[in-house]
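Going in written order, the chains are labelled A, B and C, and every chain counts its residues from 1.
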């Protein structure tokens, strides 16, 4: 088991360097004068320009610049936002919990309903329920989620007034950010109704964000179940006279969940992409919205290192999923 | 009273008019007997046995005049009742042992499952019995194997585990569907020997599905030859091999490489087995039979007693009394 | 005893349907796939003949008909079947012209990523030791970023607009083709017919393109269909974020960006463009599913 983890970690490192190379290259590709790009100003006077070149190390050869860049990263120096002049890292840290909370809520929504729907659809193959689930999930991942968000807002927030339109919590409440998770922090506050308010704000965005993963998980679970139910060992289990419930849940589901787990992990990527759009629609103060605003404002230090951080996040989650996969599937564990 | 009585069994996939994969099969097996079922791939050998076990799912439709095992009318049993018989008195092992075991659970778990389900055994007693079963199927180092996962076992060992699971309920009838086809030649002999010794020791009936005629000659008492979903000849071993009545049986025997006597080409029948689109109106072998008459092309013969065996032919061979 | 008469074998292969007919039979059984196909044909028709099909010019502003509701509602007019937007432009015409953009983006991005993707996949599969690892590492790095984010990053660098959107989407779809092709190629390389072709003296290009590649096409075709639909979604997302096709070009996603402010007043400006995206993507996905079912289970049902 340990060697498996070590091997997977070993694969992480070149990928990580690849990402840094990618983000480094991306910024260098921006058209225009690099000083102006990095400082966000136009027409810097020649003396300051030369000083800036010196300071930013832009007159060194490219590979030296790259080494500088990685060196800075190793020290945790991810530069400063051009707009707020605070460090990129601290901005990320403060905004990340919001995205995390939203993502976890979305995943729970997607996981619970997706698995349930998928298993039942597989068991009742060809029935109305099956077709319904398949149809809805197909629609689910065919739809532009920003539009879906707008529709839900139109319906639930504007017409029915059940949920708020934006933000994490009503401006009335002043919640101290202990963990950054609104659902936890509100428990500590004296204000009654704060927790409920936070929940109300969380519902719609997490449904919107979780819709695509829900659809994918439902489909994946269904097809995985159907495939597993066709396998020889399920036939053996039935030939052993085991009850249908046992055949399905003990023999079937256990193996069917394995590919679903991978999908679950891969959904993190979709989730982060979706977070960008969801946060924009709901004005949810997370890293997605932060990144988009930075791009629009040409805040390149944020763009560059924000992308780096998000990519590292995705790699990390995929790594954890890989490990979990190894735990679930004995065959992978014992390979080589 | 036969242990197993199959009469006019048909299995179709689709609706009532779909082409039958098993077409009016009749078969009887007595207690403690060894019956071999031979035929080409696609002749319906496996599907017959799956129908008996209740493993044919929709869109498959199973119809029969009679399908009785050990006094139970398998057609009329409720699912719950059937599950009491299947896996206990009636067991089956399949062709590919490497995929027959659940990869996510240990060997011990999968054997103990049977013990728990059918014999009500639990905990230590079940584990002990599982160990005994592994010893019975001659697995080396059985204690360590109990906690092994299927992918850690070789083909031969996996098949032994499958056999252990099958005999755990002390079955009256064991069906072995091409148990050695997927194994190495050296292992094949060992597994067959194991099956036969278990059969004799437990006095259980054995249905052996195979396309290896040599194995049939050495192990079975009676043999049923199937073609295109029908039983074309049922007879006793050595007789059927020495004096086959049905032209297809004769062709099968002639096609064995050892029988070619150094000829340049192996003896074969021209043409292929009828599929979905080209089923003959008359005898199913008529497009290919070397002895075909006009009558054969129009009417289908029944499986009737001939001199030495039951044969489905209007003009059977070797009918002189020996 | 009658003397045996030799039998004549009938060429039974003539009785079986041809592969194209069999494919169409399987595909057409899937009603959803056929519905998807029909809808897409409609969209293609609109795209090809947009200037003649659309009732109005998409950028023409009717100043006295701002935010007109769709024709079947109160206040609606038959001139503007689906209503008008905040600048008085006819929604239906804009949607029809938008189909051109979406199809164009979809098609060009798929072609732009399919060809290099297949090539790289072939190389990675045929040379697993020399080129394989480096190609796959590169793909892994590209896949480490969620596709939309990578597309956003690329567009952030190159600047907004139609062409850059296509480039970004093409780059982002590349890794999946490479992976698919490589996996399929490596699966086929072990097969006997490849060994037979090698022994018969097939040259490398011939091996790659004539022997192996055609047998890998099935999953690639399915993937291409799905890429097409996600290209449309990604282009719309980029448009919505203001990073893709810029207004006043009537790209469906871009139309939604400006519609945001009118949720309360004019729901049709919000709902209809998104609905069009949904229906188009749904249709393509249905087709893709049908394709997959028709192409693949020939292998699965072979019993």
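By our rule, a contact is a pair of C-beta atoms (placed from the backbone, for glycine too) under 8 Å apart; a residue touches a chain by one contact, two chains touch by 3 or more.
Every value quoted in this text rests on a predicted model; they were computed, and no experiment measured them.
**Q** With chain centres defined as mean CA positions, report which chain is farthest from chain C.
**A** Measuring from the centre of chain C, the most distant chain centre belongs to B.
**Q** Would you mind checking which chain's mean C-alpha position lies nearest the centre of all protein C-alpha atoms?
**A** Going by the distance between chain centres and the overall C-alpha centre, it is C.
**Q** Write down the pair of chains with the top C-beta contact pair count.
**A** By number of C-beta pairs in contact, the leading chain pair is A-C.
**Q** On a C-alpha centroid basis, what's the spacing between chain A and chain C, in Å?
**A** The separation of the two C-alpha centroids amounts to 24 Å.
**Q** Quick check: how many Å separate the C-alpha centres of chain A and chain B?
**A** 53
**Q** How many angstrom between the C-alpha centroids of chain C and chain B?
**A** The computed centroid separation for chain B versus chain C comes out at 48 Å.
**Q** Can you check the complex and tell me which residues of chain A touch chain B?
**A** Within the complex, chain A touches chain B at residues 231-233, 235-244, 251, 254-255, 258, 328-331, 334.
**Q** Would you pull the chain C residues touching chain A in the complex into a rising list?
**A** Per the stated touch rule, the residues are 137-138, 140-149, 152-154, 156-159, 229, 233, 236-237, 240-243, 253, 256, 259-260, 263-264, 267, 270-271, 273-274, 277-278, 281-282, 285-286, 289.
**Q** Would you tell me which residues of chain A are touching chain C in their complex?
**A** 14-15, 18-19, 21-22, 26-27, 29-31, 138-139, 141-144, 146-148, 150-151, 153-154, 158, 269-274, 276-277, 280-281, 291-292, 295-296, 303, 307, 310-311, 314-315, 318
**Q** Which of the residues in chain B end up touching chain A in this complex?
**A** Touch residues, chain B against chain A: 53, 55, 79, 82-88, 91-92, 94, 96, 99-105, 113-114, 117-118, 149, 151-152, 162, 165, 169.
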